Amino acid sequence: MSTTNVQYYESQQCSTQWKAFLRAFSTEFASKGDISDLRAFMHQMGRTMAQEFSIGDGSSLSALEDSINQIWFQLNWGWAEIAEEADSLVIVHHVSPLKVAFGEDALTWSPALLEGIYAQWFDSLGMDKTLRLSQRKAALEEGQLFVFELKKQIEEPSYFTRR
Amino acid sequence: MSTTNVQYYESQQCSTQWKAFLRAFSTEFASKGDISDLRAFMHQMGRTMAQEFSIGDGSSLSALEDSINQIWFQLNWGWAEIAEEADSLVIVHHVSPLKVAFGEDALTWSPALLEGIYAQWFDSLGMDKTLRLSQRKAALEEGQLFVFELKKQIEEPSYFTRR
Amino acid sequence: MSTTNVQYYESQQCSTQWKAFLRAFSTEFASKGDISDLRAFMHQMGRTMAQEFSIGDGSSLSALEDSINQIWFQLNWGWAEIAEEADSLVIVHHVSPLKVAFGEDALTWSPALLEGIYAQWFDSLGMDKTLRLSQRKAALEEGQLFVFELKKQIEEPSYFTRR
Amino acid sequence: MSTTNVQYYESQQCSTQWKAFLRAFSTEFASKGDISDLRAFMHQMGRTMAQEFSIGDGSSLSALEDSINQIWFQLNWGWAEIAEEADSLVIVHHVSPLKVAFGEDALTWSPALLEGIYAQWFDSLGMDKTLRLSQRKAALEEGQLFVFELKKQIEEPSYFTRR
């Protein structure tokens, strides 16, 4: 697939109705605090936003993935894969509209919105309180791929999860 | 037209992609300050947002109204009427998606977004610096009608324009 | 509610992506047959289209109305009321996008699409084979209200149901 | 870019409001004639549809490409490249919603809609009457790429342009 198809698809990912508002929000909001503040606020918005949806079925990872993707599909927010690793659960979120909505510069904090959403959904499924969901690393694939992990919180908070 | 048609249309006014986000933003944001702070931030976002669009033609009120409505129509943000009164210019904004996007409780501050947009557009047309654009009164018609006025700022700032 | 709000809402009822296609379809299609042919084809398309959705719950009229409106709401195709009369069931469909999609001139045949959809849905619920669903009269409320009825077919087919 | 991102993007390419209608149209319509009839009708619909838009600027191929892509972008109908070859002008249309709207089986006739649109636009620019615009070959890239050419009509009509 050529770069320009990707560019075309990206440019169409965010509803015209709110694109200008979201850009303005991003610009003004980014001037109000440092990255950890911005991430904390986005994480909290994500938690609040998550409560508008109910994750139907958490009986298996595959059922959970389907429940989640049904929501993402309706919202046109991309799609997710959930995989088990040795000591964590990994959530990979593809082609969300965050980059085009909030801009490239916001990619250091905008994914905390998804972090908050996933954290809230896993909480609502009754996950072990010693587990913590956080973004694993910076955005990948030119801002179209975010990786989150759910794991026991033993080490010091990382750059991204510090709040 | 029956109430239920109006209700139906209102419910469809906000893009599904961002409705849950905007509700969450509204909830979290409203907890961060008093109404004048919220209005000041929304006004500023409106000014930033306005700069994504160019008002083609301000040669007459009617041309200006058309230019503005072309933007609103593309965004599905309702429609505006501009009228001259003795000592002010009045902008009436109908059926914006603000109520359904930010919720009814936010109607005391969410229209400051439109206030900021109109203020910026009139500034960009080179309006007299002694004039000030502000929301005239609270939302009307169950949150579907907002009235703004552009007039000489002589009296004390009103409740709504105080910042 | 003022006329212009209604006009505004109407103008936004049909997705920009397909409006021009649907208008062209309407123009070309209308030249291919008389009204009864056009209605027969639209009715058949409606039946085929209906099969893409499943009516969850027909256990009561109110549950059925909810099931149907959930579909219409997702599609942004307006909303329906179902009511029992002495010898028929009446379906009133409000603010569909048919008028803006296919044009005013098509209002003599475009509602046969909804007729086919409702006919198929009632068939799928196992309705009595002696019943027939048909449009009761021409479009009302400037093309924004259609009335269908499900009743025993005893008299001669009316203008609208003749095929 | 992984297959599944492409699949995701494809699945989101067609407005929910009309997807079921367009699928039903495709099913019913395909049963009404052979491929050349279907193509002729789609081509004619394309010509009618094209007249809803005006190609602003045909002063250069690049200006023309921009004018056309502005329309496609607003409609979310993909994007086009125009290139000159020795004896023809080639129009390559990427990632249109035709496949997801009308289905894979319709790819033998649905691109005639674009053929008609481009033919009408080139006619409106006053193109030489000896030139003819037609689809060069079957759909490529799994139905996401169509190639049209504008050239002197000397040989026998090909499979795709026969009518």
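Going by the order they are written in, the chains are A, B, C and D; count residues from 1 in each one.
Everything below uses one rule, namely that contacts are C-beta pairs under 8 Å (C-beta built on N, C-alpha and C of every residue); 3 or more make two chains touch, one makes a residue touch a chain.
The model shown is predicted, which means the values in this text are computed figures rather than measured ones.
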{"item": "Chains touching both chain A and chain D, listed by label", "value": "none"}
{"item": "Longest centre-to-centre distance from chain D, chain (CA-based)", "value": "B"}
{"item": "Length of the line joining the C-alpha centres of chain B and chain C, rounded to whole Å", "value": "37"}
{"item": "Geometric centre distance via CA averages, chain D-chain B, whole Å", "value": "40"}
{"item": "Length of the line joining the C-alpha centres of chain A and chain B, rounded to whole Å", "value": "30"}
{"item": "Contacts with two or more other chains, residues of chain C listed in rising order", "value": "76"}
{"item": "Residues of chain C defined as touching chain D within the complex", "value": "14-18, 20-25, 27-28, 41, 44-46, 48-49, 52-53, 74-77, 97, 113"}
{"item": "Residues on chain B engaged by chain C in the complex (per definition of touch)", "value": "1-2, 4-6, 8-9, 11-12, 73, 76, 78-79, 94-95, 144"}
